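Look at the two complexes coming up: chain A is in both, with chain B in one and chain C in the other.
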Partner chain A sequence: MIDLLVLGAGLSGLVAALRAAEEGRRVKVIAKGMGAHHWNAGTIDVLGYLAGDEQPVEAPWTAMARLEDDHPYQLIERDAARAALTWFQTLTARCGLGYAGADGERNMLLPSPAGAWRPVFLAPAAQAGGEADAGRPMLIVGLEGMRDFYPHFIVRNLTAAGQPARAATLPWSVVSAARDRNSVQLAALLDEPAAQQRLVSALKLVAQPGERIGLPAILGLHRHTEVMAALQRELKCPVFEIPTLPPSVPGIRLTTALRHELERRGVRVEVGMEVIGFHAEGDAIQWVETATSARPLRHRAAAYLLATGGVLGGGFSSDPGGRFWETIFDLPLTVPQDRTQWFRPLFLDPQGQPAFRGGVSVDSSFQPVDADGRPVYANLWAAGGALAHADPILERSLEGIAIVTGVAAADAIVRERDFEGVRG
Partner chain B sequence: MNKISTDILVIGGGSTGTGVAWDAALRGFRVVLVEKRDLTHGTTGRYHGLLHSGGRYVVKDPQSAIECIEENRILRRTHTHCIEDTSGFFVVTPEDEGDYPDRFRAACAKTGIPCEEIPLKEAFRREPLLNPRINRVFEVPDGSADSFLATHATVQAARQAGAQILIYHEVVGLLTEGGEGDRRVTGARVRDAVSGEETVIEAAMTINASGAWAGQIAATAGIPVRVIPGKGVMVAVNHRLVNTVINRCKMPADGDILVPVHTVAIIGTTDERVTDPELLPIEPWEVQLMLDEGDKLVPGMSKARILRAWAGVRPLYQEGYAGDSRDATRALALLDHQQRDGVSGFLTITGGKWTTFRLMAQTTMDKACAQLGVERACRTADTPVPGTEQGYYWLGHRLHEVEEHHLQGDLVCECELVTRAMIEQAAQNNPTVTLDDLRRDVRLGMGPCQGGFCTFRAAGILAEGGEGRGARDEEEAAVPSATSEWEVAYMQSPKHNIGANGARRSNRRFDNPNLLLRDFLQERWRGLTPVLWGRQLKQERLDELIYLSVMNVDHLPPDDDTSPLTEFWQFDTTPGATAHKEGDEL
Partner chain C sequence: MAPISWHSVDLSLDECIKCNICTSYCPVSAVTDLFPGPKYVGPQAQRFRDPDQATSPDHSVDYCSGCRVCNEVCPTGVKIAELNARARAEIVADKGLPLRNRLLGRNELLGKLGSFAPPLANFGLHNPLSRFLAEKVMRIAREAPLPTWSTTGTFRDWLKRTAKERRKSDKKVVYYHGCATMYYEPFIGKAAVAVMEHNGFEVIVPEQNCCGLPLLSNGEFGAARNYHRGNVGKLAGFARAGLPIVGTSTSCTLTLKEEAPELLDMDDESSVQLKMATWDIFEWLRELHEAGDLRTDFRTVDLKLPYHAPCQMRAHRIGKPALEIMALIPGLEIAESHARCCGIAGTYGYKVEKYQIAMDVGAELFDFVAAQGDGVTYSACDSETCRWQLEHGTDLPSRHPIEILAAAYGLYDLDRRDLILA
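Now for the complex of A and B:
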C-alpha cells in the first residue's frame, strides 16, 4: 500500500505529491483530466485583489491580514506560506523553468492579453520581462491572423495606462506554413532553430533601439529557455512573453516540468482515472475506485488528498434543483443550496459570484470537517481550489492557494500521520 | 437639427416593421425606417424560430391557422434561404387524452393544412429520441426559420427598392398638428442613440410597428394603445435533439414545442403577462417547467446541457381585453387611428406572429394606401428577397464551406463556425455598435461556450481595424466573393466572405474594444444565469478564468466612454436580484 494517494493533477495535487515524495513518502497521483493550468497564464498569482477593491494588491503578504478569518491563507502561518513559495521557486529553477518575482514582497504588474495590468507575484522569467515601466518602451508583436493574440488591443490599453508601447504584426508564414495552428502548435514549431531564425530576421525589421519586444507566449514548447536565450542574443534587446487566450503554453511548460520532476522521484501520475466510488470503514477511507476500460480499479493508501479543484476542476457539480456537491466523497460544501443565491446580475461584479466562494471547509491541518468542525474522515485532507471561503479566480490567488495549501496539506500529512502504524 | 421628408415612416426594426418598409418601398413609396437598437433586437430576435404550418392554432383560432399556412407557402418562395424545411410532427403523448387529435385532423382538413397521420414506426425512425410512449403522430409542413437572417434579407430588399433604414435611432416623440377632432401625425422626432443627434422625420403616413413598445410610441401623441405583453421563455439545448419540429397535439400550452434551429434545439414557451417589455426576468420555475415539459417529448432532455435561456415578449392586442395573455388572440391587429381616435396619418400594426409578418405588412400598407388615396398593389408575395437562390438552409452549409475552402485556421467562433472575414465584413457593412449586433449578423457567441473564446477575439479583431488580416494563399484569394455590394443575404456564408471587400467603407459607429467586450460578456451572462448548473456552470467558470485571471478585463484602464448599452447594466447587485434599468419602477 502506498502512503499517499493524491486525487487530482492540478497545481495543488502535483505540488503536494512532490512535497510528500521529497519527504520520502510513497505517493501516487490519479486524475480525471489535466488540471486548470493548461488554461491559465502560467503565472503564480498569490493575491491580486481584495473583494470590492478596485486597486490591485501591492504587497500580498501584508494584504492577507485583511482576508476573512476562515480564508485558506489564514489557516497557515505567514512564514510557512512564504517558505512554500520559496520552495516552489527553487523547485522550478531546478527543473530549468525559472520563476521570478519583484522582491519577495510585492506584486509585479504584467500585461494581460487585453492589455490590462495583471498583479502577479511570481512569473516565468519570460513574462517577468514585461513588467510595467514607463521608462522602457514596448514593441508588442503579433502574427497576422493569429486568433488568440491581438497586439493593437494590448497597445491601446497599455498606452492608456501610461506605458509607452506600439504594435507590429509579422506575416503568419514567419512561424508556420499552414494556417490552422493554435498557440501550442506554434510554440512547438518555434522549438526549431530555423523558425527562430526567421522570427529573428522579421523582428529586426520592425524593432527600434531601446525597445523591449513583447511576443505571444509561444516562444518554444520543450526548448523554451534555449529559444528565449537565442532570441535575446540575436536581437540584442530584451524579449518577453504575454499570455494568449488558452490553451496556455506557459501553463503546459509548468505542468510538464512538475511531472518530469515527479517521474524522477518515482511518483506516477495517472490521468484518465475518474473516481467512481470509495469505501470507508468507521472514519477511515479504505479505498477509492476508478473507472478504466477493462474493470473498476481500487486504489488503497494510508492517506488521501482531495485536490480535485472546485467547479472548474470538476471537484464540484451542481444541478437545476440547486444542489451543489463534492463529486468524490460528497463532503459538506458551504455553497448556498439555493440557485437564486448563486449569482449576481453583473458578470464583472467586484464582489464576485456567491456560487464560486463556497467549498470544502477544513481545519488547521487541512482535513475536511463537518458542520461541527470535526474531521469527516481521519485519513482525508484537502487542498487547492476545493477549499471554502475563497474565490481564487476573483482574488487572483488561484496558483498561490494551490501551492501554499498543497504544501501545507502535504506537510500536515507527513507530520501527523504515522504511516508505519497504519500499515501495521 | 436634421430634417428628412418621406412618404412613409416606419417605427420598429423587427420582422413587422422591416416587412412594412419592404412592402412600401416595392409599392414605390419613399420610406424611412427607424429602430432604437439593432434590427431584430426586440421580439423578432427572441423567438423560437418556428415557421408555423398553422397546426398549432387550427382548433383554437382557425383564422390564424389559415393565415399561417398561406404565409408559410409564400415565405418558402420569398425567403427560402432563411428557412430549413424540417417538416413538423404533432405528437400525442399518454398525457394528451380526449378527442383533440381527431378534432385537430378534422380542422386541418377544413382549413387546408396538409396533415397526414404517419405510422409510429416511421416517426421513431425519423426521430429516435422521441418519447416511446407517444401513440399517434401527425405530420404537417412546419419549418424552422432564422429570423435574424430573414429580417436582414428583407431589409436588403427594402434598401434595393430605395428604403432608408436608420438603426440605433430612437423615437423621442411623434409629431402632431391640428386640434381636437382634426389631429394628424406628421412624423416623428428621433434621436441617434450613439451620437445623441436629433432628426425630424416628416412623413405623410407614420406606421407604428414597434411591437410590445407600441403603446409607448402612441402615448407620445396622446393616443391610448394597450398592448398585452405576453412574456415567453425559451431554453436552448446544446444538441439538435430532433430534426423535425415537434408539437404536442393538444390545446397550445407551456413548453409544448421543440424546434431544431441551426445546431441546437429550442424548447418553448411560457406565456406570462408582464408590465414592461424591457424587464423580462426568467424565473427558475419557468426554466424547470420547460425542462419538465421537454422530457415529455424527448425523455432525458432535462439532463442535456442547457446553453441559454431568454425571454421574448409577444405584442398581443385585443381591444378591451383584460385576461391572461395565453388566451389573447394571435391574430394581427391593425389599429386605424383615424377611425378609432380621430387622428390621421398614423397606423399601429401589432399582434400576429413571425410567420405572418408579410401579411401584416401587406394589410398595413393596403390601409395606408387607402388613407393616402392612392392605389398601388402589394408585390411582396411574388418578389423573392436577395439570397433566395441559395435554396433552403441546411445544417451542414457552414461546415461544408469551411472545409471546402480550408478556412479552419480563420475560425474565430469554433462553436458556430464564424470566420474572421465574416466578422470583418459584417462590421464594415452593417452598422455595428455592439458585439451583440455581430451575434445577430453571424451567430457570434451563440454556441456552447457562449462567447468564452470569440468575445475576446472579436474585440481584438475590431481593435485591429482590419490591419491584422490573416495571410491567405493564392488559391483561397481566387475564390469568387461578393465584389460590388456586400450581400447581406450571404453574411452567414463563410465562402462568400473570403478576402477583403473592395469598398472599405466602415460602418462601425462605436469602436472602444473594452466596452464592446464588457457589454457582450454582460449580455451573454444575462442569458446564462438562469441555466447555470452542471457542465454549463463549469464552462462559465472557465470563462471567468479567461476574462478575470488571464485577461483582467475587470481592471482595464478607466475611461469615461459609455455605450448605448451601458445604461442597461445599472443593477441591484444582490444575488438573485433582477437586472433593471436605473430609475425603473419595479
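Now for the complex of A and C:
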C-alpha cells in the first residue's frame, strides 16, 4: 500500500506530492484530467487584491494580516508560508524553469494579455522581464491573425497606465506555415532553431535600441530556456513574455517540469482517472474507486489528499436547485445551499462572490472538518482551490494558496501520520 | 443501417468549457492542418449536428485518429472521441463507405483468407508491385506496416496440435486472442497461454469472432453490432459462470468492455456481463499479484526496454499494469514512453492520405526509442498495430509485454518468438 494518494493533478496536488515524496513517502497522484494551471498564466499570484479595495496589494505578506481569521493563509505561520514559496522557487530552478520575484516582499506589476497590470508575486523569469517600469520602454509584438493577442490594444492600455510602449505586428508566416495554430502549437514550432531564426530576423526589423521586447508566451514549449537565451543573445536586448488566453504555455511548462520531477522521484501521475466512489470504515477512508472501461479500480493508501480544486477545477459541482457539493467525499461546504445566495448582483462586485468564497473548511492541520470543527475522516487532508474562506479570483491568490497549503498539508501528513504503524 | 444514438455523449457535450486543453494535447492537429482539433470537430461541431439532418456539417472529423488523448486530458469529462466516432458513422451512413475502408474493417476475413495459403498471401500482399497497385487502386499506403500471415499455422492450429500438453486445473481462465494473434502472431497467444498455465490456470479458448473495432473506427456500426452480438453469444456464458475473460490485444479488450456497448448502445444484461468479466491480461495479472497469487520465479532479463503504453491501453483508465508487472523482473530496465500516440491508430495510418500524418504523429515515440541509445534490442507495446508501426518507425523489433514476462519465466525465446520446450 502507498502512503499518500493525491486526488488532483493541479498545482496544489503536484506540489504536495513532491513535498511528501521528498520526505521519503510513497505517493501516487490520480486526476480526472489535466489541472487548471493549463488555463492560468503560469505565475504565482500570492495576494493581489483585498476585498473592497480597488488598489492592488503592494506587499502581500503584510497585507495578509488584514485577511479574515479563517482564511487559509491565516492557518499557517507566515515564516512557513514564505519558506514554502522559497522551496518552490528552488525546486523549479532545479527543473530548469526559474521563477523570479521583486524582492521577496513586494508584488511585481506584469502586463496581462489585455495590457492591464497584474499584481504577481513570483513569475517565470521570462514574464518577470515585463515588470512595470516607466524608464524602460516596451515594444509589444504580436503575430498577424493570432487569436486573442492584439499588440495595439495592449499598448493602448499600457500607455494609459504610464508605461511607455509601442506595438508591432509580424506576419504569421514568421512562426507557422499553417493557419489555425493555438499558443501551444506555436510554442512547439518555436522549439525549432529555424523558426527562432525567422523570428529574430523579423524582430530586428522592428526593434529600436533601448526597448525591451514583449511577445506572447509562445517562446518554446520544451526548449523554452534555450529559446529565450537564443533570442536575447541574437537581439542584444531584453525579451519577455506576456501570458496568452488559454491554453497557457507557461502553465503547461510548469506542469511538465513538476511531472518530470515527480517521475524522477518515482511518483506516478495517472491522468484520465475519475473518482466515482470511496469506502470508509469508522472515520478512516479505506479506498477510493475510479471509473475504468469496465469494473471500478480501487486505490488504497494510508492517507488521502483532496486537491481537486473548486468549481472550475471540478472539485465542486452544483445543480439548478441550489445544491452545491464536493464531488468525491461529499464533504460539508460553506457555500450557501440556496442559489440566490451564490452571487451578488454585480459580476465584478468588489466584495467578490459567495460561491467562490465557499469551500471545504479545514483545521490547522488541513484536515476537512464538520460544523463542529471535528475532522470528517481521520486520514483525509485538503489543499488548494477546494479550501473555504478564500476567493482566489478576487484576491488573485490561487497559486499562492495552492503552493502554501499544498506544502502545509503534505508536511502535516508526513508529521502526523505514523506510516510504519499503519503498514503494520 | 442501424440508427446511431447520441444519448450518452449529448450530456457530456455541455461539460465542455472550451479550455482547449484537448487541442493542445491532440497529436494529430499538431502535425496537420487537415484536422482542426478535438474541440472543433467534437463539442463545437456537435452543436450543429442534427439527428434529422441528412448531411453532417463537418467532414474533417474523418481525420480524427480515435486515439482518445483528448478524453484522457479533458478536465471536465467530455466524451470527445465517442462524439467523433459517432459523427464519422453518420457520414458513412450518409455518404457510404469506400471499398478500402470496408476491407480494412474486416481484418478477421482477411486473416482467414490469407491463412489458406500464408506464403502465397504474404507474397501477394507484400511484393512491391501489389503494394503499388494497392496504393493506386485501393489507396492503401504502400509503405504502411501491414502484417504478415503466420506461416506456421494459426493460433488455433497450435492449440489443437498441443491439446494433450495443455494444463488442466480447477482454476480456469478464458482467453480472448483476437484476430491478430489468431492469424498473424500466434506466438503472442502461446506466450499468454504459457504464462497463465505457469501460474496454475487452465486456459479455455472458446469460439470467438473479431471484436469489431476496425468496423467501429471506420464508421460501420451495423456490421460491428453483428460482431459484438456474436461475441456476447459466445462469451457471456463464461462471464455468468464467474470466469475472467482475458485478452492480449488492448484494443480488443477495450472494445468488449466499453467501445462496442457504448457506441452501439448495447446495455442488455449479457453485454454488461461480458463487459464486466473482460480483462486486459496485465490488468488481470496485477490482480493476481495483489492477491499474492502471481508466481515471481523470474530469471534475470538483462534488457533496456523502452515501453510504450498504447492509447488503447490508456483508454482503459487502469494505469499501466504491464509496467507494474514488468517492474518485478530482475535486470529489466524499463524506460517509460510519454509519447501521446504511435500514429497508426488501428487502420488510420494504412490509408494513403493519412500515412504521413501517422508517421509525423509517431515521430515523438520513434525519437524517444532512439534516445534510449545503442544498447536497446527491443521496444515493447501491448497493441499489435502499434508494435508494427514502432518497428516501421524505429527499425527495432518490438515485443508484447507478455512475451517479456514469458521470457522472464524461462518459457519463451524473445528472439525466435517461440516457446522454449522443457
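In this text, the second predicted complex is superposed on the first by the 423 of 424 C-alpha atoms of A that agree within 3 Å, B and C clash if a C-alpha of one lies under 4 Å from a C-alpha of the other, contacts with A are read in each partner's own complex, and residues count from 1 in each chain.
One rule holds in what follows: a residue touches a chain if its C-beta (ideal position, glycine included) is under 8 Å from a C-beta of that chain, and two chains touch if they have at least 3 such contacts.
This structure is a prediction, so every number in the text was calculated from the model and none was measured.
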item: Clash or fit (per the criteria above) of chain B with chain C on chain A; value: fit
item: First, second, both or neither for A:247, with chain B first and chain C second; value: second
item: First, second, both or neither for A:38, with chain B first and chain C second; value: second
item: Which of chain B and chain C A:148 touches, first, second, both or neither; value: first
item: Touched partner set for A:273, first chain B, second chain C, both or neither; value: second
item: Partner chain(s) touched by A:21 [first = chain B, second = chain C, both, neither]; value: neither
item: Angle at chain A between chain B and chain C, C-alpha centres, nearest 10 degrees; value: 80
item: Which of chain B and chain C A:360 touches, first, second, both or neither; value: neither
item: Partner chain in contact with A:349 - chain B first, chain C second, else both or neither; value: first
item: First (chain B), second (chain C), both or neither touched by A:314; value: both
item: Broader residue contact with chain A after superposition on the shared chain, chain B or chain C; value: B
item: Partner chain in contact with A:184 - chain B first, chain C second, else both or neither; value: second
item: Shortest CA-CA distance between chain B and chain C [superposed frame, angstrom]; value: 5
item: Where chain A meets both chain C and chain B, residue numbers; value: 36, 39, 178-180, 246, 312, 314
item: Chain A - residues contacting chain B, complex; value: 36, 39-41, 45, 49, 54, 56, 112-118, 142, 144-153, 156-157, 160-161, 169, 171-173, 178-181, 243, 245-246, 248, 310-312, 314, 317-320, 339-351, 353-356, 393-394, 396, 398
item: Chain C residues within the chain A interface of the complex; value: 17, 19-21, 23-25, 29-30, 33, 36-37, 71-77, 253-254, 257-258, 275-276, 278-279, 314-319, 336
item: Interfacial residue positions of chain A with respect to chain C in the complex; value: 32-36, 38-39, 178-180, 182, 184-185, 188, 246-247, 252, 263, 268, 270-274, 290-295, 297, 312-314
item: Interface residues, chain B side, partner chain A - complex; value: 284, 287-288, 291, 302, 406, 408-412, 420, 453, 456-457, 459-461, 463-465, 467-472, 513-514, 517-518, 521-522, 524-526, 529, 531-534, 537-538, 541-542, 544-557, 559, 569, 571-579
